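The same chain A turns up in both complexes below, where it pairs with chain B and then with chain C.
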Partner chain A sequence: MKSRTRIPTTPLLMILPSFLLAMSIIGYPILDLAWTSMQEVSRFGKMMGFVGLVNFAEVFRDPLFYSSLVRTVIWTVAVVGGTLIISLPIAIMLNDDFYGRGLARVIVMLPWAISLTMTAVLWRWSLNGRAGLINATLMDFHIITEPIEWLATAPLAFTVEILVGILVSIPFTTTIFLGGLSSLPQDSYEAAVVDGAKPWELFRYITLPLMKPFINIAIVLNVIYVFNSLPIIWVMTEGGPANGTDILVTYLYKLAFRFGQLGKASAISLIMFSVLFVFTIAYVLMVMRQEHDSADEEVKHDA
Partner chain B sequence: MTPKLKKSLLYWLLLSPLCVVILLPFGIMFVTALRPRDELFVYPPTWTFSEFRWENFAEMWVKTNFGGALLNSLYVSLTSTIIAIVLSIPAAYALSRYRFSGKGLYRNFLLMTQMMSPIVLVLGLFRLMVHLNLVNSLNSLVVTYVAFNMAFTIWMLQSYFNTIPRELEEASWIDGATSFTSLVKIFLPLAVPAMVVTAIFTFINSWNEFVLALTLIRSQNDYTLPVQIFSQVAGRYQVEWHHVMAATVLATVPVAIVFSWLQRYLIRGMALGAVK
Partner chain C sequence: MTFSIRKAMAASAFAVGMAWAGSPAYAKTQVNFTVAEYSSKTGPYFEEVAAAFEKENPDIHINIQVVPWDTLLQRLTTDIAGGQAPDISIIGTRWLVDFASQGIAEPVDSYLTPEFKSTFIDTFMAPSVIDGKTMGLPVAASARAMLVNTELLDKAGAKAPANWDEFYTTAEKLKAVPDTFAFGLQGKEIETDAYFYYSLWTHGGDILKGDGTSGLDTPEALQAVTLYKKMIDEGLTQPSPTNYTREDVFNLFKQGKVGMVFTFPMLIPQIKAEAPNLKYKVLPFPEGKAKATYGVTDTLMLFSSSQVKKEAWKFIEFAYKDEWRTKFDHGEGFLPVTKNVAAEKYYTSDPDIAGFAAGLPYAKFAPTIANWEEIADTTVRALQQIYLGQAKPDEALKAAAADINKIRSK
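Here is the complex of A and B:
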């Protein structure tokens, strides 16, 4: 190889293996799903011929699809909203200096260390209607008199699953906020305190506006993760009772691997992929804008 | 009372509901794992029990084939971590040290693959593994975990590589070293801590993964730990909860300790560029 061409190809060769692997493991299945979604597929995965958009039409006629879709929206909005509202004050506290902060950080981050599957198994047992110790604890404190069947009825089970969803999303979100808080300029706080600003005013007029980019990123990333999250609902109720806690991912999983409706399942995968794609583009644009901003700042500093 | 003490008390008061909710299931996990079988379903349910039955762990180990699942999980997590790191080092180095056309595109491509969740692609992945004849092989998990973790590993490594001063390598070039020897002798030793931290997080990700393991592995002997424990709970009329909880203790506690010890590195890595 001539030395003239060596310089630009070296970095390309360095990124090539990772690129090829990602393309074949992540890129190829997308194409395969697009292809399958327009085929009639037998229960055993055999392609029976091209049918165009029939599978999509079938999905859009399916009442279970709509109920799962509505529940997905509720699930995503409730979990992401709840997580943000709880995480911001927690991050502000954890960013401040107080006795036992190290321990508090470890406890708040703990759910992140445990797989969602294990967390869901733990909660499924803790909430057991007959012998669960959540009931025991609530009865000990005389909050309830009878054990509650937490997971036996869909609305209650779904509410509990949302709360568990919030719990496991807090560590990641708090981490993003901690990163943001540590980068806030201290001098604007000092100036505001000199001017006699109250703590609430500091939060409302300095912290919140400066944290906005981090809040946006936390929203988009959490929407992506929560929208796609299977383990909590799958392990705690498997979408039941009577499909009452199904969201799109659990419904998709049932169609594909229990009922063998591969064409329909591919169509739903593709619909979900498009939603995901829109949010991903939003995220990439945000990251690019932020990098652009910080590059601008560097130029300003240099000048 | 000093202001700091007052503030600490207030903060702990505000944090305590969350701490209780986080720690409660772990408490329940321990007291269930240790109680005798016939004290699982008593009415009214109670926290107390008659004796600590450490034998539960030994029984569970045999009955649930815990050892086999543990080996499967270790194999999958270790192999996929090593491959992911080996493939990510050159890519992260290229992103950190070279200017080349397509760099921005590649970074955005990485961000997008990081957002792709296995569940949306699971049917396509299953069909791909059928074509490759890898269904029911632990290697199907290795390949997919590497692919899904790579955006994270490259991103983390790159953000740490950026903090290693370029001058060190440049000095060794002036001394006549080729770029390859300076990479191996100067750069990589400095990057070892970053690689270890990134590797541990990749390991934990693979260790905890559920959806792909549930889908791509069909025979009980090849189950990884999360799927093995799930299979002890799902679709059973009678669940041996004391065994399930004993298994959960063994599967989560070591990982949780390592994670808690290393979490500040994750926060630092993210602050350096994984999120920003």
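Here is the complex of A and C:
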């Protein structure tokens, strides 16, 4: 007699409707995109016939695609990295009890309530060479004598855009960290203080390891948001001058809605989707293996 | 608690009912009209025309959607792709070839009575004719010209330039006036290429050569861009033109900080409102081998997918009545596209408007070719590389010409 494992049909049946719903909402656009990317598409979205991988071949022949890809990586790493480095200390400070903490938290969170596009427009005005607030302030304080044209050359413009990117990512990331900090067990700190641990040691050996899952979530979510973020760069420079600040998503937008190359644009967005998909899976696997390893280590120590 | 929920439900049921009643359910024909926003006056103006029209035609409802220029093409693209195209729309004439070749635009010859056709100025009608078919009506027109700040010229002891040599020497003199710049040069975003075409055309070049290939690899184009580059390097323009959009350059002019700019008639109402004390003069572009200006038209297009073409056309004819055209052209600062409005005293006697209109006999239009936006972007990229010093003028222009020829498959 073979022993049969009983498949629990009832629970599976019960999650089936929501699973199907989720798949159709998430899956359909991706399938549609994949289908579009293998078609010749007219300027106005009419399918003109199946062309196979011609759109992809065109993308891979395009030098602007590669420079945008490299810039996307720089943009994502710099913005996400910068955000994490700044947000963690802010969250730790806001987690401490001090007079006016509520107000301080509101001030840090407030920029979140303003749309990215509006923030970008404000920065564009502030950074204007002749009429901008930034140059006026710097000149009033005699830090500079001549106005700086912040957005005139690509390297400077891109740096400024990264800084703005960091600024707008801070509220969200700080919120994740604050949630994490408030759930940390207080007794480990008390025990460590009794054992004579210094503040830095508390941070390095208790806060940081315990915060790991929250940092990981912040990394994954921020990478996804920042990688796909159009408004800041689009509003401030439209990817210019001379395509020097184009990242994939701004280049994609230009292709789709200015040049009307919807097929090529679909191919690029499919490539972007796979890059993000591979990154997320790889990162999650890596994190899971680390946790697994450290769990193993603990077992060994115990033995 | 239950009371407030019931109240809320009742309220929402009421709202749904109202929305139902508010939709044109009483057999009213709805014409959807997408309007490009020229200024804050555009939306209210067309609402007024629509209201007057609906009064005469109570069975037709004109639904107006005002869309900013920057997002208009994207909006129309998504509307058409989603099967939600409007019945009529204002578009840039430079896009018309793309719309016509895809069968999106309806030829209007069968609607256009000889009498109605004769109201238009032929120069402006011509760009809308593709392969012998009229694909739309001119709705707005402008020609470009040079604006000089006469006060700054007097301070510098310079005279208004008539040709490029004089332009350069005048700029050198203007440079001596403190806290101002001689020539406002645009280097960022929309129409950065147009700012270069002014120089290209007057130097005797053209966007396309006779055989249809790009005109950027000609000696005239090189001469045109080298002059701009030289002026940047010698400090005769505002610093870092690649940070200056059309509006940024015009703002400098309004503030009296720049001596000479190339601009459109729509700037005049802005100057009158924002800088009434500015002393300026409208002049033709400096002459080189040729006289030229850039004529720009926008087109009113009927969609082939429309189910209400007859009603839409009725509205179009209504909106082209003289009283409405006068109001529109005056309000936005456009040049008239109909003969009756052009005959008004205002367009011949007003020195500003006459200055712009003077260029019309020798005006050049952007070629009506497919993929125009991509060609313009390629040109802008080359210009920015040259202005920034990232590429040598001749190399950048040659590379751009090759790219454009590839886009045009020539």
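The definition used in the following text is that the second predicted complex is superposed on the first by the 249 of 303 C-alpha atoms of A that agree within 3 Å, B and C clash if a C-alpha of one lies under 4 Å from a C-alpha of the other, contacts with A are read in each partner's own complex, and residues count from 1 in each chain.
Please note the rule applied: a contact is a pair of C-beta atoms (placed from the backbone, for glycine too) under 8 Å apart; a residue touches a chain by one contact, two chains touch by 3 or more.
If you're wondering where the values come from, they're calculated on a predicted model, not measured in any experiment.
Once chain A of one complex is fitted onto chain A of the other, the partner contacts of A:Leu53 are absent, as it touches neither chain B nor chain C. Applying the stated contact rule after C-alpha superposition, one finds that A:Val278 touches neither chain B nor chain C. Note on chain A: of its two partners chain C and chain B, the one contacting more of its residues is B.
Contacts of A:Asp97 after superposition on the shared chain: chain B is touched, whereas chain C is not.
When the shared chain is aligned, chain B comes close enough to touch A:Ile107, but chain C does not.
Look at A:Val70: by the touch rule set out above, it reaches neither chain B nor chain C. By the document's definition of touching, of the two partners only chain C reaches A:Arg43; chain B does not. Once the two complexes are laid over each other on the shared chain, residue contacts for A:Ile30 go to chain B alone; chain C is not touched.
By the document's definition of touching, of the two partners only chain B reaches A:Met14; chain C does not.
In the superposition on chain A, contact is made by A:Arg130 with both chain B and chain C. Within chain A, the residues touched by chain B in the first complex and by chain C in the second are 45, 128, 130-131, 238, 256-257, 262.
Across the complex, chain A is touched by residues 73-74, 76-78, 80-82, 98-99, 102, 104, 187-189, 238-244, 248, 251-252, 257, 371, 373-374, 377, 380-381, 384-385, 387-388, 390 of chain C. Across the complex, chain A meets chain B through its residues 8, 10-15, 17-19, 21-22, 24-26, 28-33, 36, 45, 86, 89-90, 93, 96-100, 104-119, 121-126, 128, 130-137, 139-140, 147, 167, 170, 175-176, 178-179, 182-183, 214, 217, 221, 224-225, 228, 230-231, 235, 238, 249, 252-253, 256-257, 262, 265-266, 269, 272-273, 276, 279-280, 283-284, 287-288, 290-291, 294.
On chain A, the positions that touch chain C within their shared complex are 42-46, 128-131, 149-154, 237-238, 240-243, 254, 256-262.
Interface residues of chain B facing chain A in the complex, by the touch rule stated above, are 4-5, 7-8, 11-12, 14-15, 18-19, 21-29, 31-32, 40-47, 87-88, 90-91, 93-95, 98, 100-103, 106, 108-113, 115-117, 119-128, 130, 143-144, 146-148, 150-151, 154, 204, 207-211, 215, 226-227, 229-230, 233-234, 241, 244-245, 248, 251-252, 255-256, 258-260, 263, 266-267, 270-271, 275-276.
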